[in-house]
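Below, chain A partners chain B and then partners chain C, in two separate complexes.
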Partner chain A sequence: MKFDTVIIGAGLAGITAAIRLAEEGKNVGLVSAGRSSMHFNSGALGLLGFDTDHHPVDDVPTALVSLLPDHPYSKLGDAYVTRAASDAADLLRRAGVRTVGSAVHNHTRISPLGILRPAWLTLDNIATLDSLKSLSESCVAIISLAGFLDFYPRFIASSLEKEGFRCEIITIDTPELKALRSSETEMRAANIARIMQGDTLLSFARAIREAVRTSEATALIIPAVVNFDGDGEALRLRKAVGRQLFYAPTMGVSVPGIAMHTRLLRYFLSLGGRLLNGHRVTSADFDGDKLSAVYTDKFDGDALRADNFVFAAGSFFGRGIVALPDAVIEPSLGLDTFAPSDTSQWHKPDLFDRQPIMKAGIAVDDRFRALRNGSPVTNLFAAGAALAGADSVREDSGAGVAMLTALYVADEILNNN
Partner chain B sequence: MKELDRHYDVIVIGGGATGAGTARDCALRGLKVLLVERFDFTHGATGRNHGLLHSGARYAVTDSESARECIEENMILRRIAANCVEDTGGLFITLPEDDLDYQNTFVKSCLAAGIQAEAIDPDLARRLEPSVNPGLIGAVKVPDGSIDPFRLTMANVYDARIHGADILTYHEVTDFIRSGSRIEGVVMCDHRNSGHEVRATADVVVNAAGIWGHLLAEKAGVSVKMFPAKGALLVFGHRVNNVVINRCRKPANADILVPGDTVCVIGTTSDRVSFDEVDRMDVSPEEVDVLLREGIKLAPSLATTRILRAYAGVRPLVASDDDPSGRSISRGIVCLDHASRDGLEGFVTITGGKLMTYRLMAEWATDTVCRKLGRESAGCVTAELPLPGSEPIDAEASRSTAGEKAAVGRHGTLASRIPSAYASDRALVCECEEVSVGEVEYAVNNLNVDNLLNLRRRTRLGMGTCQGQLCVCRAAAILEKHDNCTDRHLNGIRQFVNERWKGMRPVAWGDNLAESQLTAWLYGNVAGLDSLDDSGEMN
Partner chain C sequence: MDFQNENISRYNFEQCTKCTVCTVVCPVTPVNPRYPGPKQAGPDGERYRLKDSVFFDEAFKYCLNCKRCEVACPSDVRIGDIILAARIAHTKSRPSLRDTMLAETDLMGSLATICAPVVNTTLAMKPVKYIMDRTLGIDSHRRFPKYAGTKFVTWFRRNAESLQADYPRQVSYFHGCYVNYNYPDLGKAFVRLFNAVGVGVHLLDRERCCGVAKISNRLVKEATRDAKINLDAVRKAISGGSEAVLATSSTCCFTLRDEYPHMLGLDNADVRPSITLAVAYLARLIESGDIKLVFRDDYRRRIAYHTPCHMERMGYTQYSIGLLSSIPGVELIVLNPNCCGIAGTYGFKKENYQTSQAIGAPLFEQIERVRPDFVATDCETCKWQIEMSTLQRVYNPIEVLAEALDFDATRKANNLNI
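Moving on, here comes the complex of A and B:
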């Protein structure tokens, strides 16, 4: 199979590059192994949430200056980062993912455990501290679902009360939820979202209206357990309930996260892109300083050929890179990697401390071309969490690094041809 | 300062199997008992070993007395702790590099100690346990099994309480109350109440604190020479073997592979460590190497099995009183009445021994206490009386869901007390280990559960292959409803995850590192827990 560009990895970085190239009319093949952290995303994206001392970032451009030279943002340049961050928000909008937020000032999201965190973009119907503070009254009702264990109204209330809100927790039950509960593992966000349609959704809306009839609350917060895709049920429920209604993220597999992923993939397909789902790249052919073809575990020797390739297979979790006891490798193409040389310093006793191994990734030149045996592969670009130099978990820069490096390499590919 | 308003016949220090067993035995003999543990039950060596129900065969050649104790207690535990024991059987295998002559000596010594050891054809061994190293040249069948030390200890605690014992966890004995040459009680620090001082008095105090008993004895002004011996172990992500596999040679590093629940455990190493280290047992890369290398010789498929975590415990080895140099070390039981030994009244130390002999240790300690109190008429019944949960079972029939069946496995007949009338009780909190909301509630109300680590030790919540990826927040919310301590339980999630990381860190490569990265992202970043200040270890 022959493409203009083959992209390895369909997480946020891979899809962003794929969309950007497909929007310019390129014939793009997107290879997905099917494992994306977007499925756990709580509906908010980070550009740079914490500086190198782990202080929350308010003004992003100021914090960018203090990043180390090996950070992908430093390679992109501060001006590019700020400009491309608004391009990224535009790209999401074109794909039908509506967000609020700015690339200059972080806003404050509410985590599934109620903890307040800086954020770059949040889906527009998800509650943020900023959206709640803009309300005229500071009385909030948090709606929980009977028997649903992945939503934490008491933790959220405790946090909002510290911010001066009065919170009331109301538990809702409906016959449909009761039926779902009869199996001991069915009350999970994605399963609830599956039944929250049509009459079930209306019955849910009625139950909420009934429960809040005597409540003083002007705003309602309900768990994100309704279909978030486009103008789907999330919007319909907002209308049916009548009051100001916001969603809050749940723990675990996330309905808004899956919706965001689905939406982006669907947009890519609508642009004529080709998705190779459930494929893992296993080997490659090189021709001099170029990558000519990659092979996957599905196609029995049928090569995927392209003029350009993007490596966006993720970090350890995405299996883009793999740690051995004493080295970090890129297992499919044999690309060069960077990892701290002293293995005894890879980990810290506190998992939430800075873990030096998390900066590991594949090595690139200043144009984000992947290195192999010390030299750039001239038509292979790397983007996203696979890149070395960012500790995106701790910085909360994962979404930003993914989208911005993806836009950069897409532009490199477009400008070169 | 707070004085407990009750005077006790006996205070038992130490919430491991020995302390819990001693508290139970004392309570069954009608004594007024206080059991004191500085952190949580099973926090020390009891919770950090193979979980092997020794047949005693391992000691048959080198220490026939230990071997005999082991096989006798093995048979007793099968009766009284049926719910904690799995009869897997065991093999002692000889590999080409080992001396096959040793096998004959081994079998003879086993039989002399009363252990039914039977040499079998290597072919039969391969059929009995398909994961065993196919290159074996000799095999001996022995009555090994596996035992769950958490369940075992909690069943003892539970029964002690039913028989009137008072129980204090997170109370650390910092000093003794004394009058002349008599110990009259203990001074404790309440870790749950900003280190508040609590005092309790008793006629006799029993030191059953494992390796920490060395330090307690010093505080009491007597000397019991103990040597901390560190043993490291690795847990593998699934149950590779169904029969315990031992190496038929003189006891050495990493020569026992024990299946337990859904996993298997290889161990141990054995190294003297200093007393400064006993509270922070980290597993080194060298220990991981030797455990893996030797483990693969027992069962080659371990080479490709995911290592779930690494941990280490400290055995209290005791030097004989007649050998102050400490060279003559026994794994046997040491029960000291410090009145006759050191002229200190009211103080008894029970130490040495093994998890396997905890009941016998408890019996000896309780005999000593009763003798001192002049209550010798009350005989020991623990060799006959089943532990709660291990009575003959027919509860299985009435329980239908996966969570209910798993709960019967964990709590035996006590599972009937777990709320399950409503769908909301039966909802699963931990899917890997099938722990329901009802079981969490039961543990909180009945098993001294105050934080997530307590809950893990009582129910196995978060111990499965996902290592607590999703269940921890669910459980924290249930705990929070009981005491409204929101911040404490949020921090508890962070600490629980870090406790898992402690075990994964020595083996943090491959899938483990990938999962740890997801965990750090999910809990630290998405849930936001890395914004919280870590308020120290929860233990």
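Moving on, here comes the complex of A and C:
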């Protein structure tokens, strides 16, 4: 199968690059080996949440300066990061993902464990400290669902109380939720969201209205268990409840994260993009310093050919890189990786310390071309969590690195042709 | 160290990181709360079942075997296989008369085609449906596919077989039960299309039902018997000069390629790459420049493509999408990924009827909203389900290609003088 560009990996980085290229009329094949970590996203994106000393970042440009030279942001340059961050928000908006936030000043989001953390972009409808503070009254009711184990209202209340809010926790139940609980392991946010339509949604809204009737809270926080895709249900519930209503993310597979994935993928498909779903790249043909074709586990030797390729297969979770007992490797194309060669240097004994293995990834040149046997593959660009140099969990930079490097490599490809 | 790298468990189950992404795509969970979901029924429960089969749950029968969980899994865990294997290994009861009848497609098809008009009329009669519902548990809402008066094989032997050896390339056709007993028109379209690009078509020496219905109804012994016959016939066809053995049904193809080794333990590695879908074979030959398709100027259709679950599992969706969108007069709408809900014999069972329709509902709604000229899909049971549940007709991509083809121009473009 022949494309202008083949993108390996359909997480945030892969889809971003795919959309950018498809918007310019390119014929793009997007190879997806299983769902991405976007499904666990809490409806907020991080550009740089914590600096190298692990202090929360307020002013992002200042914190960028202190990053090490091997960090993807340092390679992109501070000016590019700030500019591309606003392009990224625009791209999300074109795909129908509406967000609030700025690339210069972080705002404060509420994590699924109720912790207040810096954020770059937060999805519309998701509670942020800033949106709660803009309310006229500081009394908030946090709605909890009976038997739902992935939401911790007490933790949220404790964080908000420190910020001067008065919080009330109200647990509600409906017959539909009770029925879903009959398979207790399936009482999960994504499953609840799938039944929250039509009458079930209205019954949920009635139960909330009933429960908060005597409450003086002006705003409600409810777990994100209502379909965000197309924001039909999320909006409908807001209207049916009749009070200020914000959603807070839940643990595990996350409804806002799924909605973001669905929106982005549908936008890509609507641009004529082609998805190779459930394909894992297994090997490749190289022609001198170029990659000419990749092969997947599904096509019996039928090659995916393209002028350019993007490697966005992720880190350890996506299996873009794999840790063997003695080395970190990139298993499909044999790309060079960066990781401490002495395995005793991979980990520090304190779990919460900076863990060097987290910065492992594939090695690239200054134009983000992947290295193989020490030299760049001239038509293979790498983006996202697969890249070495960022400790994205600790820094809360995963989404930013994914989108910004993806935009960069897409522009490299567009400018080269 | 090698032990650590190479100690791979059955169906990769120990690779599960408990991320629960599989539960997001399971079509059954949101509509049938009795089903414990793919993670619990699959790798989570498997850890316990390895110790004691008391942890097996009869509710696993609500699994559709759609394998959408496997496509979604980022860790390559074969979740659907784990659940089906557990059902086969641990279910105490014997498969019922109804399940056996639904699964014995060859037997039922052979009997029914002898007197098709009578059978078709009888199966459509309300009292008969009522009795089947009450006595057998075959849901009375379900419409049975009509049986053909003349089997595809009979038509082929009479009308087409003698001409095939003259074509420059040769393939064998695994027509499957549906083409043979119910819908020979698809088989005829296949032969016309392939002949037009210079490919001669042969039948396998012996062909039995692929066995998907037997496997999912736990009739493993019977399925294995048929599978061995099919694999022998495939080997004979390949060694006899066929370039490939092609199916037009995504599920037949999936069963021969993947369910045989995974669920029946039959080694098909020698012929697996030769067994493929007709659309895949065509797409590859078109790309390599070996064949050309020329389409009619006057063909204008708005087509909605539905991706069958097993098509997605094979990773073949882009073959059909690519071919359909290569027809100049076609406006192709790719429907959102959504299981149609029938899953072969699953939707015929009374206890599953409502689940089945609830699963398919978003798909049916989208089809009605899109209002295409017709729907295209590679699976016959998806076709029955969509035709029963919407106002649309459904065709296989091979039929669409044959319908849109300018036969004379195509034969000329492929330098055929036959």
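By definition in this document, the second predicted complex is superposed on the first by the 416 of 417 C-alpha atoms of A that agree within 3 Å, B and C clash if a C-alpha of one lies under 4 Å from a C-alpha of the other, contacts with A are read in each partner's own complex, and residues count from 1 in each chain.
Just so it is clear, contacts are C-beta pairs under 8 Å (C-beta built on N, C-alpha and C of every residue); 3 or more make two chains touch, one makes a residue touch a chain.
Just so we're clear, the structure is a prediction, and the values are computed from it rather than from any experiment.
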| item | value |
| --- | --- |
| Which superposed partner A:Pro112 touches (first chain B, second chain C, both, neither) | first |
| Chain B versus chain C as contact partner of A:Ile258, first or second or both or neither | second |
| Partner chain(s) touched by A:Phe40 [first = chain B, second = chain C, both, neither] | both |
| Touched partner set for A:Val65, first chain B, second chain C, both or neither | neither |
| Chain B versus chain C as contact partner of A:Ser182, first or second or both or neither | both |
| Touching partner for A:Arg319 - first (chain B), second (chain C), both, neither | both |
| Touching both chain C and chain B, counted on chain A across the two superposed complexes | 40, 181-182, 185, 252, 317, 319, 324-325 |
| Chain B to chain A touching residues, read off their complex | 285, 401-403, 423-424, 426-429, 431, 436-437, 470, 473-474, 477, 480-481, 486-487, 490, 493-494, 497-498, 501-502, 505, 508-510, 513-532, 534 |
| Residue numbers on chain A that touch chain B, as the complex places them | 37, 40-42, 46, 49, 54, 56, 111-113, 115-117, 146-147, 149-150, 152, 154-155, 158, 178, 181-182, 184-185, 187, 249, 251-252, 315-317, 319, 322-325, 344, 346-347, 349-352, 355, 357-358, 393-394, 396, 398 |
| In the complex with chain C, residue positions of chain A that touch it | 1-2, 29, 33-36, 39-40, 179-183, 185-186, 188, 190-191, 194-195, 252-253, 258, 266, 269, 274-280, 296-302, 317-319, 324-326 |
| List of chain C residues in touch with chain A within their complex | 1, 4-5, 17, 19-21, 23-25, 29-30, 33-37, 39-40, 44, 70-76, 272-273, 276, 280, 283-284, 287, 312-318, 321-322, 334, 336-337 |
